[in-house]
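Letters A, B, C and D name the chains as they come in the text, with residue numbers starting at 1 for each one.
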Amino acid sequence: MKIKIFTTGGTIDKIYFDRKSEYQIGDPQANGVLERANVVLEYEVESIIRKDSLDFSDEDRELIRLKVESTSWERVIITHGTDTMVETAKVLKNISGKTIVMTGSMYPARFKDSDAVFNIGCAFTAAQILGPGVYIAMNGCIFNPHHVRKNVELNRFEEKIT
Amino acid sequence: MKIKIFTTGGTIDKIYFDRKSEYQIGDPQANGVLERANVVLEYEVESIIRKDSLDFSDEDRELIRLKVESTSWERVIITHGTDTMVETAKVLKNISGKTIVMTGSMYPARFKDSDAVFNIGCAFTAAQILGPGVYIAMNGCIFNPHHVRKNVELNRFEEKIT
Amino acid sequence: MKIKIFTTGGTIDKIYFDRKSEYQIGDPQANGVLERANVVLEYEVESIIRKDSLDFSDEDRELIRLKVESTSWERVIITHGTDTMVETAKVLKNISGKTIVMTGSMYPARFKDSDAVFNIGCAFTAAQILGPGVYIAMNGCIFNPHHVRKNVELNRFEEKIT
Amino acid sequence: MKIKIFTTGGTIDKIYFDRKSEYQIGDPQANGVLERANVVLEYEVESIIRKDSLDFSDEDRELIRLKVESTSWERVIITHGTDTMVETAKVLKNISGKTIVMTGSMYPARFKDSDAVFNIGCAFTAAQILGPGVYIAMNGCIFNPHHVRKNVELNRFEEKIT
């Protein structure tokens, strides 16, 4: 088994910016997380976009879809900004034969008490066990993209009551 | 769904001890990890043993088995020292109807670059998805206790070639 | 000997804010830093302002001056945003009989690799040793406010060539 | 002004060792601390010993003295194990014209809440300001080696009541 990780920016990879600076996305953090965990499974990290997900265009989402479709690896993780993660997940529907797990974090991975490492652990495990489909791994749960929302007030993902 | 976490000591909960001090296990770290990840699933952490797993007696393992059997929760995580994790896993075989995931860490959770947070993320996800049985979540993989060993030289768990 | 610490906000106390959120200053970090260092000297932390120093008004600076003048403690540290630290330092000139050390950080104290803890260590030591006057402790140096500038490109304080 | 830093091992540079492993001192941590603080003063780190200070021989102390005497730099920091720091400090008496500041930490620098970064900040500042002599910078204070002891129960340095 082996896992492909595409990084697309978002809070998880953010570096600090002060009031005078432009907004910035730093280097992908997933690689360092997996190295420090001394993961024995084969994996590969590829940075394809570096943006706040609020700035994603349709073209960005098409690029992500294309990348997932064209990789020969069956198990894929996408790190992504949380604000439009659900929207991108829906664009990835109907890719047959692929297990796709999206994750990100509420706090930059460079923060001391960030949720980034935990979330990548969750996504890495879900990507190995689950069958084909698109999933969102956030706040310790595995969500169906059609039944989840980001609760901005509580700063977490939770099941959407429909 | 809800998850019960039993902590039993081990490296993951170790605090620093200098040359003049006695060996010590500190407070369970799992609780803090799950709080910082802002986990939305119901869970409960219970500390039942505080030992280096090299010091576990048969009675300790019986206590762990008893605790797992007697909880009404179906999904259980056990944090445990790495040196005899496999041995304890075998004692937990044949508990019907329970998903039991064991984890721990190679470096204390109090270390900056510890694998503890990642491993708890992995275990927390595996405990939700997998069916009844005993599993070991270490180094990014989900192992069958009968086909895994701790490679002391490389300081990691890996599949046992039989 | 005892040391009074006034906190006024700035990057050192910033918490993460995403694109959708308002800018925010969190709880003062100096207290936690001094506790973790297990400092044996008497000290007291008092939060008087919580702002980015770019937003400081003349009234804010007057408040700081008033607070420093009215404390009976002779040795004072002020944590402060870096962008106008020098400006505030100049307002504190001519307070007789007080050793005043200003510090802050380029990265929030909540970041893993922040300079905050080091800088507070520097300021805490300078405040004990130096005689009356106003000093800026940043980037490992003790600067005279009249001969220092923030180099925004290199993101550090350095001697001003005049 | 410039500062020479000799590292000699001790808790500050310890890496984790489990029950089965030999005791180990890792790479000196002072360098990383000073880099992350983006220090603008000239400094140089040189590792001369890697031992728990309980294992220091008279020869080790002679080596430290020799190194301090033979450097042309006037301001010197020595990172050192806490258990015999005072003993070594006394061996460094009567080196004329040199400001020598010893420091170390109660918890390894690799720990999340270690006192190492704060202590190095204190030592770095003391080494710049103080005149010739030997000093111990621990727990936020600058001690005279003849009037300080390590209180093992409270795990801190404090003034020795004589």
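By definition in this document, contacts are C-beta pairs under 8 Å (C-beta built on N, C-alpha and C of every residue); 3 or more make two chains touch, one makes a residue touch a chain.
Bear in mind the structure is a predicted one, so any value in this text is a computation, not a measurement.
Visitor: Starting from the Cα centroid of chain C, hunt down the chain whose centroid lies farthest away.
Guide: Centre of mass proxy via C-alpha means gives B as farthest from chain C.
Visitor: Compare the contact pairs of C-D with those of each option in B-D, A-C or A-B, and report the one where over half match by residue number.
Guide: Selected pair, repeating C-D: A-B.
Visitor: Counting in whole Å, what is the centre-to-centre distance of chain B and chain D, each centre being its mean C-alpha position?
Guide: Each chain reduced to its C-alpha mean, chain B and chain D end up 37 Å apart.
Visitor: Hey, how far is the Cα centre of chain A from the one of chain B, in Å?
Guide: Each chain reduced to its C-alpha mean, chain A and chain B end up 26 Å apart.
Visitor: In whole angstrom, how far does the Cα centroid of chain B sit from the Cα centroid of chain C?
Guide: 43
Visitor: Which parts of chain D, given as residue numbers and ranges, touch two or more other chains?
Guide: 112-113
Visitor: Touching chain A in the complex: which residues of chain C?
Guide: 11, 16, 18-20, 23, 52, 54, 83, 107-108, 110-113, 152
Visitor: Give every residue of chain D touching chain C within the complex, in rising order.
Guide: Per the stated touch rule, the residues are 33-34, 36-41, 43, 106, 113-115, 117-126, 128-130, 137, 139-142, 155-158.
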